[in-house]
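Note that subunit A is present in both complexes that follow, paired respectively with subunit B and with subunit C.
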Partner chain A sequence: MTTPVLSVENLSVDYEVGAGVFHAVSDISLVIPPGRVVGIVGETGCGKSTLAQAIPRLLPEPPARIRSGKVIFQGTDLVPVPKAKLPMVRGTGIGMIFQEPLNSLNPAFRIYDQIAEAVQMRHWREDGILPSFHPGPAPFDYSRRPITMPSTADVLSRPVMPGTAKDVMAARRVRTRTDLRDEVLDYLRLVRINDPETILSLYPHELSGGMRQRIMIAMALSAKPALLIADEPTSALDVTIQAQVLTLMKELIDEVSASILYISHDLGVVAETADDLGVMYAGRLVEFGPVAEIFQTPRHPYTKSLLRSIPTRYKSDWPMPTIPGSVPNLSQLPAGCRFHPRCSLARPVCTQEPPPALRVIETTVGATTSHHAACHYAEEVPGLP
Partner chain B sequence: MLPTRSTNVASRVGRSFLAFFRIMRANPLTFAGFILVTIILVLAALVALVPSLIIPYGATQDTGAHEVAPTLFRWPPSLAHPFGTDQANIDLFSAVLRALPLDLAIGIGIAGIALVAGGILGLIAGFWDQPGTPGGAVSVVILRTTDVFLAFPSLVLALAIVASIGRGIWAAILAILITWWPYYVRLVRGETLAVKHLPYVTAARAAGVRETRILTRHILRNVLEPVIVYFTLDIGTVLVTFSTISFIGAGIPWPGPTPEWGSMMSFYQGNYPLEQFWWFITFPAIAIFVTALAFSLLGDGLRDVLDPRTRRALAESSSASTLPQEAPPTAATPTTPEQEEEAEEADES
Partner chain C sequence: MGRNLEDLLIFIGKRFLQLLPVLFGIILLMFLVTHVFPLNPCPRWYPKASQQVLANCEAQFSQPVLTQFWTYFTKLLAGNWGASQFGQPVYPVITERFPATLELVLASMFLMIFIGIPLGVIGAQYAGRWADHLVRVLYLSGWSIPTYVGAIVAAVFLAPVVGLPAGHEYSTTSPPFAQVTHMSVVDAILAGNFPYTVDALEHLILPAGVLAFIEMGNATRMTRSAMLEVMPLEYVKSARMKGLSNFIVMYKHALRNALITATTVLGVTAGGLLAGTVVIEEVFSWPGIGAYAFAALGGGGEPNFDGAIAVVIVFALGVVIANLIADILYGVLDPRVDWR
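This part shows the complex of A and B:
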């Protein structure tokens, strides 16, 4: 049994603002084994992005606060790690692709500078100039020489110190500017950018949204992260570009074979990319399991209704099925099951007792991940219309 | 064929020079400011290094004006004395020119020190502003201190400081410095606050960039642009303020060994009627005006030059734009390493 790249245990994140406490993420547990793509879907405001940003601890704290839980990345819990040490986990450890490609590149720097910074930072970490930890098996190895590194836990417990002058000199000798530039070009080609030499000297505003998102993906990959978090990478793009970037993502997922947390509000996108799927509702993970399994036999009424609401060309039922009601206010969550006001299966027990967090449901034979659902009446869900 | 490093650098310099002139041509007022500033700087350098080359008369040198008309001092502007002479027969053209390096150094120096000091404090106050943290406490201290200084009109405060620590050039410089830095703190802090929540800063953080590097690289570069523009505009303001302090009589004494535009104006204005001896006060005043105007014009247009967005647009306004189009994802063309040396320039930046 391989150790998971990331395991989130009972993670709860609150936002403490003037209007009250918003429970953005409540009691989420999640495991990402090496090389597996885990998708998370949910409506707007269900805590997807909070979860994505809480894992590398990118949330501004305060107003955000990790109330409880663990984020164990390669055997190290990131929650108690002091802020000053977090940068060494990010980038080379946990990479991120953001939702807004239009603003996620620094407008003042050329594309080359931005990717080169990411590549160089990885070089420095590999060479011991910057403190780092073992990034695990490199998912897509362009490296020109073997590198040995200490473990995550080792480094995170060590004081923040740059390498010795000798290390610095050694690294300078090995890597030259041309190497760096070649490597940047490699990553631009990896994300299928035609004519990467021209792109290098351009500023972000001179590129289209799709191109910028590709640059962002190249930047994230160039750090060779052990875990890549893609926070709705295609949502801000228009439909044709979305399809292109999605195709790229799918190809990269096959090529890179990295562990990926893919966050989206689009069930179709997740169905195409992910191996496992988690469904979030009002800050809770309500269902988790292999994608095919969930799409075939959803075991939570919310998932069932979501799947029913996907418009298709062939369905003739009109008006389109929707889920009645709306998402609850995260500061005044309903007692018991958070979905009960909108659930057709709801019974008195649902209004009082919260459902057990993700109990295992028997799965179809051959699935690698077991199927979980947080519902009192999970067995009855397949019978719903 | 590989381009050699030297030709590469030369071509880059040539290209940026060309781009600079295209931008200047697109904006005539900025160009005027640029030309004026260049002239002023060259003049100041000449006056400071080889005064005999352009200054006709030394500080106490006999101008010979009385030999033309022995009884007539205060010689009006003529070919021999373009700005006329004053009551002591000092050549005003020479005096105004000799004041140029000092006034310029005061303007650039005071604004520059205020920029650096206020800028650093502003970056710190803007970036680490989380209440309840040590950084937040530092930020509060910085901001409340600036509030104290900003509560007074800077000129009045500067005059009060000069009055309390004594007359003289250093007292005047110190007084202006003390009142000047808070404006930069406010400006830089505001810009930093606006920039630090932008997605690209979060993206940099997510990429593992350390906080100090985020501040000194990613944020500083984006804050710089309005600050430098403000700085160039400010040089003129400092100059005028210093001259005002001198005008009131607190700066550099005139008549004396060191001419300074403000003190010259102050002395002549107080002792000689403007209607009769108009050239006494007019030429130092014009010198202040032209210097302040030159830097203001340049600063106004500098914004466009500093912003990569407008810079390229301006530079390419005359030539056809060749932006690459969105590439279809499947049409990946693996280029051979031999072809990679085309766009070397990005390597240098």
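This part shows the complex of A and C:
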């Protein structure tokens, strides 16, 4: 039994805007054990990004409001933390890769300055100069990384919080300007950038989208976060670049044995990266379980129809299977189960009574994850066409 | 990418060449405005002057306008800026008075940058809340008050309340050190005279403050809207996700990008500041070219056209150079701008 890096309990997030209240995330619970990659899939507008940004409390409040629930990061609930203290959690605690590589690097600063800033923040926290959230018990474990460059491995295996005062002094002594530069170069090599020395002095607008996304990944990793949230890191890229970045992400996940929350709208991407998978529909988590199991025997009608609508080279059923209807407006959600207007299994009970929200907390802490679905008739789903 | 020093020098050189036609146009326009009359203006301007002055004046104005302009322009090119109707040469007066105006303008520019821009950031950060409304009330009231009203209110009512002097550069008429630069604070610092430095600063606060208060609206408003544009962008979020404090995120990452648009406005504001000195210097008895321009245009005396044109040339130069500096800053702040 291990303590999870992150456990989200019954989290609900609303957007209160002029047009009404939008329930972007309703009653979501999930757990990320150390070293596990949890994927979240869902259609556009189902609340995936809201969930991703609500965890480090990055949403602008207002208009967003965390209505209820807990976000327990390494044993501390982040929801009641005052705004001024939130920076202590970010960076070395929770890192994030954004969707839009074109906008996620500051156009006014050189690549070196942007990565060095993240490394410097971590150094200051490691040395106790800046307050950190608290010594993280589970930062990224870089030990599985093959040692090709001795200096790199040496730098990467340094603990996030040196224990004794002697360690602190030792850590301080080694840090010089060239060390910082070397470390930045190490992280650029980590994301497979050839010729990192030239990249350092460039501005973001001089780089391609794929390069920028690699740098974004390097920047997030350079803080050695205990939890990395990847919010659709490949969605905004060209297909070829997408494949490259995805390969990189997979290799990095293998190398650094990380706790990652991987958000995507692409089932294929999640299938390749994640250990556990959560499926979101209209702000709710409808199914959660190990990736392989969900792909083999989906237990929610929505997941079933999603999987059915993945086009493959071999299937020739035309027209392509789709899900009838469209995603409900998040301010006027249907009563009962949110999927019932589009569900082939829907019965009277579905229109009145919402299925109980998934309680993954008790079950997932441990080696394997059990498979759950928020459906009244989950047993019948495997029998669907 | 054309972003090395050579490109920058070529860029600045080009801008200086563009300056020449602008200056010529300003001189021509200003000359025509002051020298084209339907009637003989001399007896009205110099009612008490001697026959000799009147005769000189009439002889000057009876020539064709273009001849008058050519005479003036060739003299100007030769370095002769002309003289007042009583023979007092203009050039030494300008050189002696201009530094005082420059000091006043730089001081209010300083206030605008270090008060006006942070106010804009505050307005953007609390957009739609009471702090934002307070900032808006502040800069709109500055904007809507006519310069002379603001200056007189500050000099007559505010000065006694806050205990600051409202007029002149120093408390005594002749400070006990050489006025090398003719900038009151700089001279006092150069002389190493601390009490006089404090005294000069106290005299500078009110005129510079009023000038800044009246012109600050542009800087605040532009900063606010530029910040509102920048703040929802993802790089601000990614800066937050590095664990940086809100202050660093706002003033380093967001403001650095918002300033790119705001600097352009600061360059334009320089014109407003220079124009404001005409009234401010008159009200606060500040010995700069603004007050000189007021006198030269006949404010309470006889007109001095050569002096008026000279001040306008200096102001025009000031505005163009301020905009050049703003353009260069724009290029330096935004790495995407090509200097070629």
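Convention: the second predicted complex is superposed on the first by the 336 of 385 C-alpha atoms of A that agree within 3 Å, B and C clash if a C-alpha of one lies under 4 Å from a C-alpha of the other, contacts with A are read in each partner's own complex, and residues count from 1 in each chain.
Here, contacts are C-beta pairs under 8 Å (C-beta built on N, C-alpha and C of every residue); 3 or more make two chains touch, one makes a residue touch a chain.
Predicted model, so just to flag it, every value in this text is computed and none were measured.
Superpose on subunit A as described above, then tell me if subunit B and subunit C fit or clash.
Aligned on subunit A, subunit C clashes with subunit B.
On subunit A, which partner's contacts cover more residues, subunit B's or subunit C's?
B
Give one of first, second, both or neither to describe whether A:Leu267 is in contact with subunit B, with subunit C, with both, or with none.
neither
Contact-wise, after the overlay, does A:Pro87 reach subunit B, subunit C, both or neither (first, second, both, neither)?
Both partners, subunit B and subunit C.
Using the touch definition from the top, say if A:Gly210 reaches subunit B (first), subunit C (second), both or neither.
In the superposed model, A:Gly210 contacts subunit B only, not subunit C.
Touching A:Gly95, do we find subunit B (first), subunit C (second), both, or neither?
In the superposition, A:Gly95 contacts both subunit B and subunit C.
Just subunit B (first), just subunit C (second), both, or neither: which does A:Gln244 touch?
A:Gln244 contacts subunit B only, not subunit C.
Once the shared chain is lined up, is A:Pro196 touching subunit B (first), subunit C (second), both, or neither of them?
In the superposed model, A:Pro196 contacts subunit B only, not subunit C.
If you stack the two complexes on chain A, which partner ends up touching A:Leu105: first (subunit B), second (subunit C), both, or neither?
both
Can you tell which stretch of subunit B collides with subunit C among 5-13, 59-67, 185-193 or 329-337?
Comparing the options 5-13, 59-67, 185-193 or 329-337, the clashing one for subunit B against subunit C is 185-193.
Common interface residues of subunit A with subunit B and subunit C?
56, 58, 84, 87-93, 95-96, 98, 100, 103-109, 117-118, 121, 203, 205-206, 216, 219-220, 223
In the complex, go through subunit B and note every residue touching subunit A.
Result: residues 130, 132, 198-200, 202-211, 218, 221-222, 308-309, 312, 323-324, 326-335, 337, 339-340, 342-343, 345-347, 349 of subunit B touch subunit A.
Help me check something: in the complex, which residues belonging to subunit C touch subunit A?
1, 232-235, 237-246, 253, 256-257, 260, 333-336
Within their complex, state which residues of subunit A touch subunit C.
It is residues 53, 56, 58, 60, 83-84, 87-96, 98-100, 103-109, 117-118, 121, 125, 203, 205-206, 216, 219-220, 223 of subunit A that touch subunit C.
Once bound in the complex, which stretches of subunit A touch subunit B?
56, 58, 62, 84, 87-93, 95-96, 98, 100, 103-110, 112-113, 117-118, 121, 177-178, 181-182, 185, 189, 192-203, 205-208, 210-211, 216, 219-220, 223, 241, 244-245, 247-248, 251
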